[in-house]
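In what comes next, subunit A is part of two complexes: it sits with subunit B in the first one and with subunit C in the second one.
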Partner chain A sequence: MSWWLDITDLDEDQKNVIDLPPTGDYLFLGPPGSGKTNLLLIRAEYLIRTKYPNLFVLMFNEPLHDFVVRGGVLYDVPAAKIRKMLSWELVLLRENGVLLKDLPEDDLDAKRKALAKKVLELLDTNPKLENHLECLLVDEVQDCFPEEVEVFFRCAKHVCFAGDNRQRIFSSHSVIPAIQERVKTIELKTHYRIGHEICRAADVVGEAAGFSSILDTCNYNDAESKVQFSCCSTDEEQINKIVEALTVQLTAYPDELLAVVGPRKRDRDFLREQLEASALAPLILPHRSSGSDDPNQRIYVAHLLEIKGLEFRTIHLALMQHIHRLRENQKRIAYTAITRAKTTVSVYFTGKIPGYLEQAQVAVEPPKPRPPLEDLFPKKKKGRK
Partner chain B sequence: MDKYSAEKLSTELLGKTIGGWLIEKYINHGKSAVVFLASKDAQRAAFKVFDPEIVDRYGRDAQRKRIERERSLIGKSHPNLVSVYDGGEQRDFLFVVMEYFDGKNLAEVLLDIPPSEFRSLISQIASAAKFLEEASLAHRDIKPENIGISSDMKSAKLLDFGVLRPFDLSNITNEGDQLYFIGTLQYSPPELLFREEEQSIEAWRAITFYQLGAVLHDLLMQKPLFEEFRNPYARLVRAVEKEIPLIDNPEADADLRLLAQNCLAKTPGHRLDTVKWEDFCQPKVADPMEAARRRIAQHRVAALQSSEAPISPGDLLGTQIFTLKTLIFSAVVSTIKTESFPRYSMTEMNKELHQYLLRVLFEPSEKSGLGCYFAVYCQGVVVDPTANFHELRTWACVSSTREAVPAEPESSAPSRTVKGALIEQDIRLHIQGCLLLAYAGALDTAVKGTGAVQWLKLGRDE
Partner chain C sequence: MNTHYYARVDRRDFGDLISEEGVSRLNIETVAEIDILEAPVSNAVIAVWSLDPKKTTQLPEVLICQDGTQNDWAAWITTFAARIRPFSAYMRLMTHTDFQRTAKRSPTPDIGPFTWPAAGLILGEVLGASDLPDKALETLSATAFASTLSFVMCRAAAIYADFQEWSHLVEMWESVREVTKQRTRSIESGSIARVCATVMDALGFQGASKILTRNDTEVSEACRYLFRSPQRTPSNLFETKIFADAEHMMRGSREDRVLAFEEFLHRSDGISVPKPEIMSFMLGYLASRIAPGTIRHSSVLGQVTHRYPTAVLWYGFCAGFAEGDANMPNASGRRGVDFPSSARRMIRELLRPELVLGAPICDIGYLELIALSRTGGDPLEGFIKTTQGSIIVELLPGVCTSVSVSSKPPAESQVRELRGREIIERMGKQIERLCETYKDFLAAKAPGSEAEQRSLFPTRRKKK
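Our next item is the complex of A and B:
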């Protein structure tokens, strides 16, 4: 994560966040790369150093948790204070003697809702747990269920959320408006992590999902960015192209994470299998880890739901002909995936991609010559003279 | 005139005295005249006798007027122009006597000239052409063969005084004529070829600029313009009419390259729009990084051009506006980055197919000492897609509030413009310059009142 180390690195909006009093409930709302997660950690550190150390920073899932814990040391927030949302709930329930036998293990959404319900029941029967924490700081709050948000409000005296409606990848209904009615919103407009060309492509996809532009407020300040589309004739060709590109990128971007991502779990498994059979095998990070103690392991292989909140120098979005299978969430997921990259997004597909991605391709590629008029009419059948 | 007529005239004149000049030696002949070495009172000179046949064909009075024009230069001298000593008429012969230049011409020494001299040589030739214009004359046959080069390669002299009259394709009757014409046609703008030129100082200047551009092309590219189209003749005609010469020598200075490219525009109006006399005498801007960037950019342009299949004008417009937009955008972003500009937001507008406008709005920043909002507007227009002719225009304004900054520049606001066959490097330099001027201007300006907009002047220009 691109950490700031110095207060002069902050812009006016970010300084407004730093200047907030230690008490109060807040939501930091801003586009990808606007520094929400960093601000959340800076606020956590600020609270710990003043007189409110009884807090937790909650991360949405394992890869993100892993990612932040690895970077979090820079801010002196103890790793023990940074938790995955679900494991924090589980620990709270266990510590208070709640049995957890009947959780729906194979449906994540149902499991999360059930857990939140149990915590709320616990709070009802155990009033001393109401507001037992000074503060809960929650990242990626746009993907929380209303029950979970309720848990946060009730467990802590104060809450501090970070989120972005555009990056919602799970539920189709947003909790953000309801949160905004209860807390003070601090809007972060400018963002710094994502290259302009990537913003341009993301905006096209985002427009189809009703989002406002991120190109307008982009202040990215690094190598020129690029979005490219490769239409392949087979999935193997996709793999070959990815391996070829990664080989160059590993050298071009030392010490940085590079991602290979497929739409679904089975796509991820296929990609992992293929890449592990290539020369790049030793450089691939273990399953579901976004970091490793081996500095050579820098290739993160995942499916689209496993990259939220993360950032990569380059991202290869492979097997994208299958993205339509993510149905009503697909545009927001594609949007989130594109905005994970700082410098390069490569989209690979065999056959066809949905119209909103084709539109993004048109926005970043030079126009193609118009086909001759006769080509637009149905062809005569082959063999007929 | 053909060789036979030239020989006939030589035999007739050698050893004779005309107008007090003793004809000593044949030097060469051109379309309309034979040049001899002559002397008078120990002064040596080039003695040009017009072909009596041509004089008859076009009318003696017209030729007398022409000689009068050349005589008007007697006593006026310019270091880069041969001096005229005398001129007149004796018996059937119309003649002009000029300074004798004993040396090689540019066509002969093209490959020997060090690149460091290009800038100075073209400015010398241009200065001679301008001198002629000020005397209400136009050379109309500026080409490497008519430019004498000193033995140290440092100075140039414009020789001869052009063609007897604008040549006319319909006059080309035989092979000999054709061969002679090739040399001149190769360096003639399309309007001369089709005899569509107007008789005005601007029209003459447009011709002069084209020919100066052609000479500059030869220097930069180290080969004659349209060399590859010389045969057959019809191909050369087509090239003059349609072919846009590619000036992509990576070693060439960007400003000279653009100057030559703009001079060689097919439409006289484009030339006059983009080229000024001063452009021929600009000092070199030395920056090795600039040079490296230029090489990269030009290689890219060259690669693109060589791989391009012919495309329809509509597609051409689409491709060019996309490229223009991409280049403007990337030049803005990279300048902001390298020069550490304050925080900004951008708005893009494609009002029409051939037009792109980018507004960049910068916010006040204590750290930078910037007390107001300032906006820079960069507009790219594809003026003529087939000629690769683009216009880039920039405006800047300051205001105390974000809301007051307009979405588009006011029509009366001052701007800075660059036009022509722009490549990445030209766009980058223009935008870099304008952004820096605008930023410095914004820092210097004390913003008056709330919500008022003040437009900034971006250096020279409109």
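Our next item is the complex of A and C:
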């Protein structure tokens, strides 16, 4: 993450956040790369220092938790205070003697809802647990269920959420409007992480999903960004191209995370298998780890739902011919994936990609010369053949 | 106008400077302009204080000696005023000419727009001389930077606007490293000196050209160009076709720039290079264009380090010039220099104001170190250090270098050797005392009674 180290890095919107009193309920809304997670961590640090240390910062999943804990050392937020949402709930239930036998382990959504329900029941039976924390700070709140949000409100005296509806990838229903009715919303308008070309591509995908532009609010000021699409004849060709590009990127972006991502779990497994058979094998991060103590391990291989909240210098979106299998959430997922990159996005596919991605390709590639009018007629085409 | 206190002190009265009652015996006078002090005669120094020594009981801050007598004085004070050894940690010994020059200089060091390129040059030397990765720069101590030759030369340039004795400064730096038995570095000091001298020459410092060869002329010209137009590529480099091609490609994404650099490396590998100096500069310049204003890509020079060891210094130097808008069409603003945070700390040291009439911050001065080294053994043994594990040596007033010293306890064999030395020393003193007694004894006797003298040593006579 492009961690901030001091106040000179903040813009006016962000300064509005650090100006907030230690008490109160807040929601930070902003586009990808606007610094929501950073602000959440800065606020946690501030609260700890202003005699409100009984708090937790909740992350959505393991890779994001890992990522934040590693970057969080730049702030004085103890790692023990940064928790995964589910594990925090599980610990709370176990601490209070609630049995956890009948959780639906195969269905994550069902498991999350069941856990939240159990916590709410616990709060009903043990009212002393209401508001037992000073504050809960929750990242990626747009993907929470209403039950989970209720848990947060009831467990802590104050809540602080960060989220962006555009990056909602797990649920088709948004909890953001309901949260906004209960807390003060602080909107972050500009963003810094994502290069201009990437914004251009993201905007095309976002437009198809009804999102507003992020190119207009882009304050990126780093290496020139690019988005490239590669239509390959085979999946193996995609791998070869990725390996070739990664070899250069490892030199071009020392010490930074690079990602190779496929749409589904099986795509991720295929990519990992192929990359581990290449010369880049020693540089690949362990499964579901977004960081490592070995500084050489910098390539994160994942599927599209595992990159939530993370950021990479470059991202290789491979096997994208399969993205349509993510059905109704696919545009938001594609949008979120593209906006994970700071500088380079490479999209690889064998065969066809959905129209919204084709449109993004048109937006970022140099305009092709217009074909002669007669070429459009079938007769002429036949003659050519 | 400040009042300064001074006194002429002969060798025989030097002890008065050190003791409280001795100071009261000195004929202390005051002066407003210290640079008008006259040169002392050879067997005397002028001691200068910023505060009245009769009230403060402090040691003088400066000892001014006659020109050409500084080495002798350093040896003399070290020997006869061992009580305050190292004396140069408390007071500066300067020739009259050096004192006058130092007194006239501005108290605030300044290198203007050269600050970031100088910082880059020093970072480059640290990387190249110690074979460190870029990331190591984040956590390096200020003393590590102060140990470099480029730091010393840049500090001299910052303090003395008219500095000319570059060769002498390089010799001093090398001597300090030699007498303190420092580890040999990956880049020869002569090569580093030439890189720094090229930069100093481009900045207009007289005397730097004495270190240079004819091959350095083009590099000096390129540096001059960069100082004039920091956002543009030095025009004389375009005379080399492979450079012109690579420079043309050094735009756009960082990946494209890496590829352009690799192409340059590949093409330069196949050609004969009559002037390695300019090739070294080109490599450093192009590497710095991968991510201008940063030092994160020195690894791309790894494969040519053996042929062009100074390329990494040029890389750091050129990285100190941020990129212009022309090369970053999509960026909303120009990127500045983004060096590791340790660079700011180093710059603080580089530009730290230094009072002539103030106690030095070093552990020992150059002249005293050299004087001590002449007697053999470890010249730094038993010294109080500012920082554990290193010693700061002042080469010129305000220009220091640091050298590392072992903080490990001496090994058993060393301890034995030390004990042996102590015993011999004690025996020697007893023999000296015996000799004195014997002389007194002889003086008391009538001269010429050799037989009687011999009788004092019956065993020896027997042996004979």
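To be clear about the criterion, the second predicted complex is superposed on the first by the 369 of 385 C-alpha atoms of A that agree within 3 Å, B and C clash if a C-alpha of one lies under 4 Å from a C-alpha of the other, contacts with A are read in each partner's own complex, and residues count from 1 in each chain.
One rule holds for everything that comes next: contacts are C-beta pairs under 8 Å (C-beta built on N, C-alpha and C of every residue); 3 or more make two chains touch, one makes a residue touch a chain.
Remember, predicted model here, so these are calculated numbers, not experimental data.
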**Asked** Touch check for A:253: first (subunit B), second (subunit C), both, or neither?
**Response** second
**Request:** For A:344, decide between first (touching subunit B), second (touching subunit C), both and neither.
**Result:** second
**Prompt:** Where does A:226 make contact in the superposed view: on subunit B (first), on subunit C (second), on both, or on neither?
**Reply:** second
**Message:** With both complexes superposed on chain A, which partner does A:20 reach: first (subunit B), second (subunit C), both or neither?
**Reply:** neither
**Asked** Who does A:369 touch here: subunit B (first), subunit C (second), both, or neither?
**Response** first
**Asked** Once the shared chain is lined up, is A:209 touching subunit B (first), subunit C (second), both, or neither of them?
**Response** neither
**Asked** Counting only touches as set out at the top, which of subunit B and subunit C does A:120 meet: first, second, both, neither?
**Response** neither
**Request:** Quick one: classify A:93 as touching subunit B (first), subunit C (second), both or neither.
**Result:** neither
**Asked** Which partner does A:218 reach: the first (subunit B), the second (subunit C), both, or neither?
**Response** both
**Superposed model, subunit A: greater residue contact from subunit B or subunit C** = C
**Prompt:** Once the complexes are superposed, what residues of subunit A are shared between the subunit B interface and the subunit C interface?
**Reply:** 196, 218-221, 224
**Prompt:** Any idea which subunit A residues touch subunit B in the complex?
**Reply:** 8, 11-12, 189-190, 196, 215-221, 224, 366-367, 369-370
**Asked** Once bound in the complex, which stretches of subunit B touch subunit A?
**Response** 309, 311-312, 314-315, 318-319, 322-323, 326, 329-330, 333-334, 336-337, 343-348, 363, 367
**Fill in**
Listed in rising order, the residues of subunit C that touch subunit A in the complex are 134-135, 252-255, 257-259, 290-291, 296-297, 299-300, 328-333, 335
**Prompt:** Which of the residues in subunit A come into contact with subunit C in the complex?
**Reply:** 195-197, 218-226, 245, 248-249, 251-255, 295, 343-344
